[in-house]
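Below is the structure I would like to discuss, written out as structure tokens.
Per-chain numbering from 1; labels A, B, C, D and E assigned in written order.
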Amino acid sequence: MNTVLVVRSLISGIMMGSVYALLGVGFSLTWGVMKVINISHATFGLLGAFIAYTLLHAWSLDPILSLALSAPLLFFLACLIYRFIIVPITKAKEVIVASMIVTFGIAIILENVMLLIWSPDPRLLTTSYTSKVLILGPLYFQYPRLAGFLMSLAGVLVIHFFLKKTYMGKAVRAAWQQPDAAQLYGVNLQRISMITFGLAISSAGAGGVAMAFLYAFEPHTHNLWLIYLFLVVIVGGVGNVLGTALAGLIIGVITGLSFAFLPYQWVNLLTFGLLMVILVFRPQGLFQSEV
Amino acid sequence: MLKGTNITKCFGGLTALSEVNFEVSQGEIVGLIGPNGSGKTTLFNVISGLHKNDSGEITFEGQRITGLPPHKIARLGIGRTFQIVRPLMDLDLIQNVAIAVLYGREEINTPRLARDRAEEILNFTGLASKADHLPGELALEDRKRLEVARALACRPEIILLDEVFSGLNRKEIEGAIHLTFRIRDEYGVTVFMIEHVMKAIMGTCSRVMALHNGVKIADGDPEDVANNPEVIKAYLGAAYAER
Amino acid sequence: MLSVNDVIVLYQKLRALQGVSLEVGEGDLVALIGSNGAGKTTLINTISGLIPAGGGAIMWQGTPIGGLSPDQICREGIIQVPEGRKLFSQMTVEENLEMGAYLPVARSQAEESRQMVFEIFPRLAERRCQTARTLSGGEQQMVAVARAIMARPKLLMLDEPSLGLSPIAAAEIFKTIEELNNRGITVLLVSQEVLQTLTIAKYGYVLENGKVTFSGPAKELLDDPRVKESYLGL
Amino acid sequence: SNAADKPISIGGSLPLTGKFAETAKWIEKGMKFWAEEINAKSGLLGRKVVFKIYDDQSNAGKAVTFAEKAITVDKVDLLFGGYPGTAARAVMPVAEKHKFVYVSMGGHMKSFQQGYTYSFGGPPLMGEWWYEGFYQWLKSLPAYQRPKRAAVYTMNNPIGTSLMDSINRMSEDLGIELVINEKYNLPLPDATPFIVKAKQMNCDLLFSNGFFADGVMTIRAAKALNYNPKAIVQGVGSIIPAWVKELGEDGNYVFSGTVLHYKLAYPGNDKLNAYVKEKYNLPGYPLYFGFGYAWMQTLSQGVEGANSLNQTKIRDWLKSNTVQTIAGPLIFDEKGLPEPVNFCTQVIDGKVELTYPKKVRTTKPVYPKPAWK
Amino acid sequence: MVTPDSKSRRLVFWVLVLFIALAVFPWLGIPVYFVSLLFTVFLYVILATSWNIIGGFAGYLSFGHVAFFGIGAYTTAMMINGFDLSPLLTIVSSIPAGVVSALIAVIVGYPCLKLRGPYFAVITLCFAFVVDLGVKNLDILGGPEGLWLKSMDLPIDIIRAIFFEVMMLIMIFSIALGIWTSNSKFGAGLRAIKEDEEVAQTIAINAPKLKIEAFALSAFFPGMAGGVYAYYLTYIHTDIVFDMMISILIVLMALFGGGGTWLGPVIGAVVLTLINEGLSTFVRAEFARIVYGCLFIGVIIFMPNGIIEFFKRAKGVPPG
């Protein structure tokens, strides 16, 4: 067996999967907690990437630092969207369905606004550490991937901690399981939902930057990202933040291993096929849904 | 007609039912009582096939039904209601019941005839005036009646009633007792019911079983069961016994 | 402390409350009884702010609270145990209790409250890590009451708290309510267990078809022939 | 007469939004530049030209309906060519049925083998020819200098398959062993394994037959893992301006091919370069800008040659005459294709240079590729 | 006075008039584009209406429905090329395409329909990718190159008219299926499953069987439509007939109009297809798309349960 190939593919795959997870947690949060399937989630991620790109070129600001600027911006944008678009649809009989249609609209609008602002040219986030490598014995860690991995780790832990350990996070979960009762115990539904939505979209911004470390992006790229998002979130169990993270790693491992053992032509097919098999045997996702 | 032997059901480490035996005969009204969390609803879930029991066997009219999917069990003639009501929220009452008629044992296959039949059943359960309401607009007791109507619509031979009397006041309980007898007499349906309202139990049941921590602790004449010291200690309480 | 004046509630075509007035004094235990569909739950929900009133006024300690949102009303110390429990079904018992003590006032006393609750419902202590959804019906009811206690209410409104409880547990609940009342919590109790309710209550109201038909001290109601006939089946 | 005053309308669709928008926008710009130029002169057949361009949203099915809309509703005088290959493949039969001359990139060789008579690759984007120049150049090297072992990674789509054609054909000829020959499906999740494997197998020639996104990943992985083959060949990702702009130095030294280049000596190229320099501040016009322009050149020469807007006459004229384009003179065969062209390009100092054949070359190729910095 | 009977008779009359008018439409010498446009509208009506059987009525949101469309297209293409069939046999040869789609739906549905809600949505999404990639990777199915079909030796307007009629016929059948479902025992069962599958089972509804039937039915017509589309286009490629956007669009169309009713998906498909096409006259493509996006938001904010539900409410008809 080709150990080097296996190990390197695996590391590379895992880091890649962790980035999907970062993009996925916020999606999982709005879906699991708020019953909003946010089709535009990846689009906001992409917006984060474009902002990082612009700041990098204008002020040589490191993409990770640019989050300090884009995260509040995305948060604010999310609050507006929540107030004016999401609130009205919570009246729908099937919020999930209505939310999908509405956020599909948002995605289209945002994509084309980005097209107008940034043109359709593909972009890359190139920093001083783009092609640096950390070599530990036989192991290679590419810096951008490592950065994505660490960002992901931080993001996932923050959101997990928020939901599980803080009162506000618990209120978020409670509010969407049983909105009436949550209000009866003093939870301000609107405020809490707005914060959740804002948090989710901000985390998408971070996810977008991490994705942009790995991949070229242009205004339509969110469609591709969305598919990976869906996968990690479902396999991890909707609303389950740690599950999403693990699912990202699993998808990374599957990809990594299939690159090591299969003709490359079959890698994508195997990934989707295996995910189907996983779902058939674990119909609730690998890890239980939390909310 | 319905018989269970050595039914055991565990949830993780918790044994919700342990070696429970029971039997319900044609035309009986049998009560099932027991403290909260003693496994009553679990027993109903096992009978109706929603939960798979870990061991033991259930037969219905001599036929083994353990392991059958819920719809087959319903098809054989076992109807049930849910303690925490589960109406089909987006459909009005008549549709709720008509669907059960369509798929029930009466072989009514046209929606129009099913509606007529459903109307009759709603009438029987006293919901006729609200036939075009959505379940969300009903007060809780009416929702329970809807549960009963839907279960009856399938034309079961035996109906499992899970706390359909709760939330009624004493006066209303009398009406419900009356309804229970009518279910048996007019529809010819055997009744197996879980109830905490002792008045209802004493007023309707020909026989009562008591569960405690998943174990059957009493089975027999309602009076005897109500006076069983173990039942009093675990379930009725000293205060009740005094009254 | 709480006064409800001539409150009207409409559900589309149906007049669920047609001018209901009611007083709850500080430290009282007031019972609200009435048959199925009389509008009891509607009244409780209107006080809590879940349902907008179509007319009338609700005053709390002298100030109007009509039109406030449910969470603002909760901040005033008005807490209800809702009909149908409305637990946070995917959260554990422990987390449900924690949510009860969500507001800062309650949060600071959460530890004591928890001790108290587990004393009252030892069963919940055993089940503290189980998700609420998988509890038995009665256990869920216990959690609902316990959660309300955690909120340290000034006015506790209970909508059929004994629903689905075994006789022994129901008796226990009534004892608890009485005890909470003795500790100074004002209680508005809705129950179909008319006898037990009126036994512990100080004052009672009878609601029928959205209107108050009788009211008076609980003892008097208990002896009233009409109440006896319609609610006690005597 | 009245009709003679009316402008000539040219219709069709381009993927202005969605996946292929980037390229389509350049094509559109090239076409518009052509119109600007011709309108500034006396126009086509003495009439102004106007475009009616629909956005097919990167959907080939829509490209078909829009072609029909242009033909039957807008009653355009001429149809312009579409992009990408799949759309061209779907539109070519429609153009044929409606008997409209369709000058486009085509959908590689297969699409020209379907017997269509109104379709022209003028010039085509022909995957099958893409590496011809590169191989010719390799052949011109002394045998010992040539690479021996190639790693080939190809995206699994029409353009990828057609690129494979020349590789398969000519590697054998030169005795280059295809040690690794793998296809992959888009989107490519990760290119690291490509490079790990190529490095392990001691491949000294790397083919990355992909679009921009996957091409970039491959190159970046090569740099990260410090993989230094003698040459890296990058199919079609490196021919768009973003390659040098976004990738910078890392994008240098990749080889590719072309049928059209801004440094070709044919008339017109300077003009385009000047325009692009002024308007977009680019050193030379992007390939697809050139394509958009060149297809219109071909079409308009057909019109002028036939001196008519009759499609069959235009077709017949094109089939029997030479057109002069910025890609050089084109003589179409019965399939609608010109002689194979085989230029080899290499990105050097952030510019796409022509490196072979000698008569067109702008710079000497850099070979072997310098090690990564 | 209008009795319900005369009312419904009048409705039937107008529907007939509409269909006859549609049937003669392509023969009136109208520009071929309009025939093709309506053909596309029919196609989406078929896709949305069929999807609605499993997605709208049963509440199983299939996000991979384009797979059945594509399978139909490829089946037909392989058949024509393999057996050298005359393209004039379109309607006949698209029936096996539908059958193959339905069969595959049964096979795939068996394990997949055990999943609920989002999990089902994603497994169907994966399924569509697997089929797409599978076809791309198999050279016998044309692989990455796609497949060319023989085109008919007839004038273009006749060809388009033939496809138009065939597609219309399939559409009529698919709508009829929708109407039947909404009024039948079958549909009632699916509704119960959508609301609460466990409860449905306790009232003797054989949920697993019913779901598979619904899935197969909802795959059948897209398969046929795919077959006809393959002929129409004469060149098919996985990027064209397995385009993920079609999957998403189908779902949106059905829900936008109102899932769970037969008319909703029809309206959704017609409205969205025509508006999208109408927007193509915009000068700047980006603005057209932005308007299109706003449409989704605007409509759902004002009609959160879809167009049909909104008008039903406005007319005072109780929902359901």
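Definition applied: a residue touches a chain if its C-beta (ideal position, glycine included) is under 8 Å from a C-beta of that chain, and two chains touch if they have at least 3 such contacts.
What you see is a predicted model; the values in this text were computed from it and never measured.
**Q** Find out how few touching-chain steps suffice to connect subunit A with subunit D.
**A** Each step joins two touching chains, and the minimum needed here is 1.
**Q** If you apply the touch rule, which chains end up adjacent to both subunit B and subunit C?
**A** Common contact partners of subunit B and subunit C, which must touch each of the two, are absent.
**Q** Decide which interface, B-E or A-E, involves more C-beta pairs in contact, and give its chain pair.
**A** Of A-E and B-E, it is A-E that has more C-beta pairs in contact.
**Q** In terms of CA centroid distance, which chain is the most far removed from subunit E?
**A** The chain farthest from subunit E, judged by C-alpha centres, is C.
**Q** If you average the Cα atoms per chain, which one ends up farthest from subunit A?
**A** Chain centre farthest from subunit A's centre: B.
**Q** Based only on mean CA positions, could you tell me how far subunit D sits from subunit E in angstrom?
**A** So the centre of subunit D lies 37 Å away from the centre of subunit E.
**Q** So, what's the distance in Å between the C-alpha centres of subunit E and subunit C?
**A** Averaging C-alpha atoms per chain gives centres 52 Å apart.
**Q** State, to the nearest whole Å, the distance from the C-alpha centre of subunit B to the C-alpha centre of subunit D.
**A** Here subunit B and subunit D have centroids separated by 74 Å.
**Q** State, to the nearest whole Å, the distance from the C-alpha centre of subunit A to the C-alpha centre of subunit B.
**A** Centres of subunit A and subunit B (C-alpha means) sit 47 Å apart.
**Q** Identify all positions of subunit E at which a residue touches two or more other chains, and write them in rising order.
**A** Subunit E, residues with two or more chain partners: 133, 137, 245, 286, 289.
**Q** Residues of subunit A that contact two or more other chains, please.
**A** Residues 93, 111-112, 115, 265, 268-269 of subunit A touch two or more partner chains.
**Q** Would you mind listing the residues of subunit C that make contact with two or more other chains?
**A** none
**Q** Mind giving me all the chain pairs that touch?
**A** Inter-chain contacts occur between A-C, A-D, A-E, B-C, B-E, D-E.
**Q** Would you tell me which residues of subunit A are touching subunit E in their complex?
**A** 31, 37, 85, 88-89, 91-94, 97-98, 100-102, 104-109, 111-113, 115-116, 223, 227, 230-231, 234-235, 238, 265-266, 268-269, 272-273, 275-276, 279-280, 283-285
**Q** Provide the residue numbers of subunit A that touch subunit C in the complex, in ascending order.
**A** Against subunit C, the touching part of subunit A is residues 167, 170-171, 173-174, 177-178, 180-189, 290-291.
**Q** For a test of understanding, state which residues of subunit A touch subunit D in their complex under the given definition.
**A** Touch list, subunit A to subunit D: 2, 4-5, 8-9, 12-13, 16, 111-112, 115, 119-124, 126, 130-133, 140, 142, 214-216, 218-220, 224, 255-256, 259-260, 263-265, 267-269, 271.
**Q** Show which residues of subunit E lie in contact with subunit D when the two form their complex.
**A** Subunit E reaches subunit D through residues 31-34, 36-37, 40, 133, 136-137, 143-146, 148, 151, 156, 159, 233-235, 237, 239-240, 243, 245, 277, 280, 285-286, 288-289.
**Q** Could you pull out which subunit E residues touch subunit B in their complex?
**A** Interface residues on subunit E, with respect to subunit B: 183-185, 188-189, 191-192, 195-196, 198-208, 318-320.
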